[in-house]
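In the part that follows, the structures are each spelled out as structure tokens.
In what follows, chain A forms one complex with chain B and a second complex with chain C.
Let's look at the complex of A and B:
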């Protein structure tokens, strides 16, 4: 009565994973750690839950050993959804591009995509970066749509949000870090960029100032990483915990209340999915803009970036 | 959960870079170009409309001015021709008047001349008649020479008219 498709499917998924956990006994005793079992859903895993087919074991590659670092490049659930989001985005964007190139006036789906593009261009890039930011527009558009689709994927039945994995957001933040430094160096020149790291203070203070400034460079993308990851995983944990109440109480009678709450959280998640994609893009654009503007300020230190 | 998985980081970076390259070439470039083209078209159309409006206003103003000028010209021509006609009329009337006056004058002179001539003739006639009458009365007692003298002197004593 109160449930939506996605609610019931999440419930289904949780039930499945609970059964699986109970059967395999991997995650402690059956009654033992419900929270761990619930978190199994938001964790990355080597199995993929598919409708009608059930669990699919994803290929496992032998880890690559580089020095002390072991890199496991196996395809996991989040990699699959990462690719799914990428392929979906390519299909959608290319379709929109085809449609808009043919028509003089955009219509339907092409128009929808264009609304987002216009928003990113006129409300995000131009105010933060000025005219020089236009050449970074493809990067920012890709970031926005990619994150948006990955965020939304978690709201779809059987879906999973890749951005709720800290590794994915770390990679996105790493790319943002590279882009922020690259745009600053391109706008200021390498000499000015390095001079900017000294904070414009007396050279005696450099040993203090330079580590602080370098640290400052990393805090911005670090904040991007944590913000996106925490927001995306937070909503999912809330949803799963609410669903978990049904199992805690061991009763179907209690079900309508958590499901009502889950419906509300789901709607909030829908909003958060858009909001976080926007915030990630907007802040990346802002940080790039700060680095680029520093070039026009004639070396005066800009503290507002921190 | 919080321990990053390097494999996933690598996959994400590879996926993102490939996605960026593909989208940049096949999606963002045509989309942004179409957008820019349309914006340019709209801007051009607006500018053209503005220009056309200005032109139309200018032409309207010009037409109005021309109309005013034509009206004034028409008024001026009308006034001119009216005054010309007035003058012409006055001239013609004046000429006619003077001509008629002249004609009357010459007619008067003619009449006077005829009257004079008639008078002279009448005088001669009267003299002859008087002589003949006197001759008949006196039965030619006087010769003609003397009679004439007599009559003439008598006529002289008569008033001129």
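Let's look at the complex of A and C:
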């Protein structure tokens, strides 16, 4: 009762203030509309902005019904850039591999890609997962380059960042979740893996302990998902809001200041694009490594315990 | 003062990577604490709609999520602390 009352009163005040802003003159409405317009650049949409061509309407399919779920599978802006990133990744990797196999010493573009690959192998996978982690290197490299290309796509004019869509990062985190569990099961064996979920306490406490440990498994990829999504969408909103300041003040005299800020934030975004791809890969390999190391640690633990 | 070559090599990017690696579990700890409460909130609300017991299961789930989140948080911090003292 109380909550519905407060909800309607809040809604009333919001609509009242919006009406007041609309009636106070053109300036108010424009800045009000401006923010929704700016958010359209960040959100997913059915239109694709292209240079020289203008807006292209992407095909819209009827939603698919599975049980109670309604899934809209129409192609949106983020899907286009996701596919573009995937195709670009294949092209880049294949050309780099061809160039490197021709020469004894990597050179030029092949060398650039190799620097990243060696960095991921020597600084991320080997320290976190040990020698056993080499067989998961292809997955981690794919994740790194895929996220990196998607992040950088948003900094290109007319581009859009697929990773600023929570569904994309949720899918990436879901794959990471499966890989973390699979690597742990493969290293420990299914019995030891299940035993690890009990937290090593007396069996009377198992009904409390098992849900807690299972919840702990799910929150790790959830944190990965939120971090990547929030970082990417946050930077874009900051850039767009700073540019929007020019239109809010409605004067070109103010323009140099936001432009300077945007330049700085854009460079920061360039750094964040690399950093977030690195952090996602690093934390995935760290969690996989923890699961794989638990096999050795748990073994000694059991021997001392029993 | 001239630094040994190995130290120079260590002071660069790999040192940064090492710091990130040892602090890695702590990055997610805050979000994980929040996530366990939020996930349990949604789970409890779904269970309430199944059994028509609003809001009791939701409240129970939230407190369970808080407890589980704190347990996992302490576990992460303990692990990081153990690794830190082991490295010295």
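Following the convention adopted for this analysis, the second predicted complex is superposed on the first by the 266 of 306 C-alpha atoms of A that agree within 3 Å, B and C clash if a C-alpha of one lies under 4 Å from a C-alpha of the other, contacts with A are read in each partner's own complex, and residues count from 1 in each chain.
Keep in mind that, in the parts below, contacts are C-beta pairs under 8 Å (C-beta built on N, C-alpha and C of every residue); 3 or more make two chains touch, one makes a residue touch a chain.
Not measured: the values here are computed from a predicted model.
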*Could you tell me whether chain B and chain C fit or clash when both sit on chain A in the superposition?*
fit
*Could you tell me if A:89 is touching chain B, chain C, both of them or neither one (first, second, both, neither)?*
first
*Touching partner for A:71 - first (chain B), second (chain C), both, neither*: first
*Superposed model, chain A: greater residue contact from chain B or chain C*: B
_Which superposed partner A:234 touches (first chain B, second chain C, both, neither)_ = neither
*Please indicate which partner A:279 is in contact with in the superposed arrangement: first for chain B, second for chain C, both, or neither.*
second
*Partner chain(s) touched by A:157 [first = chain B, second = chain C, both, neither]*: neither
*Just chain B (first), just chain C (second), both, or neither: which does A:132 touch?*
neither
*Note down the smallest distance between any C-alpha of chain B and any C-alpha of chain C in the overlay, whole angstrom.*
13
*Residues of chain A contacting chain B in one complex and chain C in the other*: none
*Enumerate the contact residues on chain C facing chain A in the complex.*
13-14, 17-18, 20-21, 24-25, 27-28, 31-32, 35-36, 39-40, 64-65, 67-69, 71-72, 75
*In the complex, go through chain A and note every residue touching chain B.*
39, 42-44, 63, 69-76, 78-79, 82-83, 86, 89-90, 93-94, 96-98, 100-101, 104-106, 113-114, 117-118, 137-139, 141-142, 145-146, 162, 165-168, 170-172, 174-175, 233
*For chain B, which residues are in contact with chain A within the complex?*
1-2, 4-13, 15-20, 22-24, 26-35, 38, 41
*State the interface residues of chain A toward chain C in the complex, per the touch definition above.*
123-124, 127-128, 211-212, 215-216, 218-220, 222-224, 226-227, 279, 282-283, 286
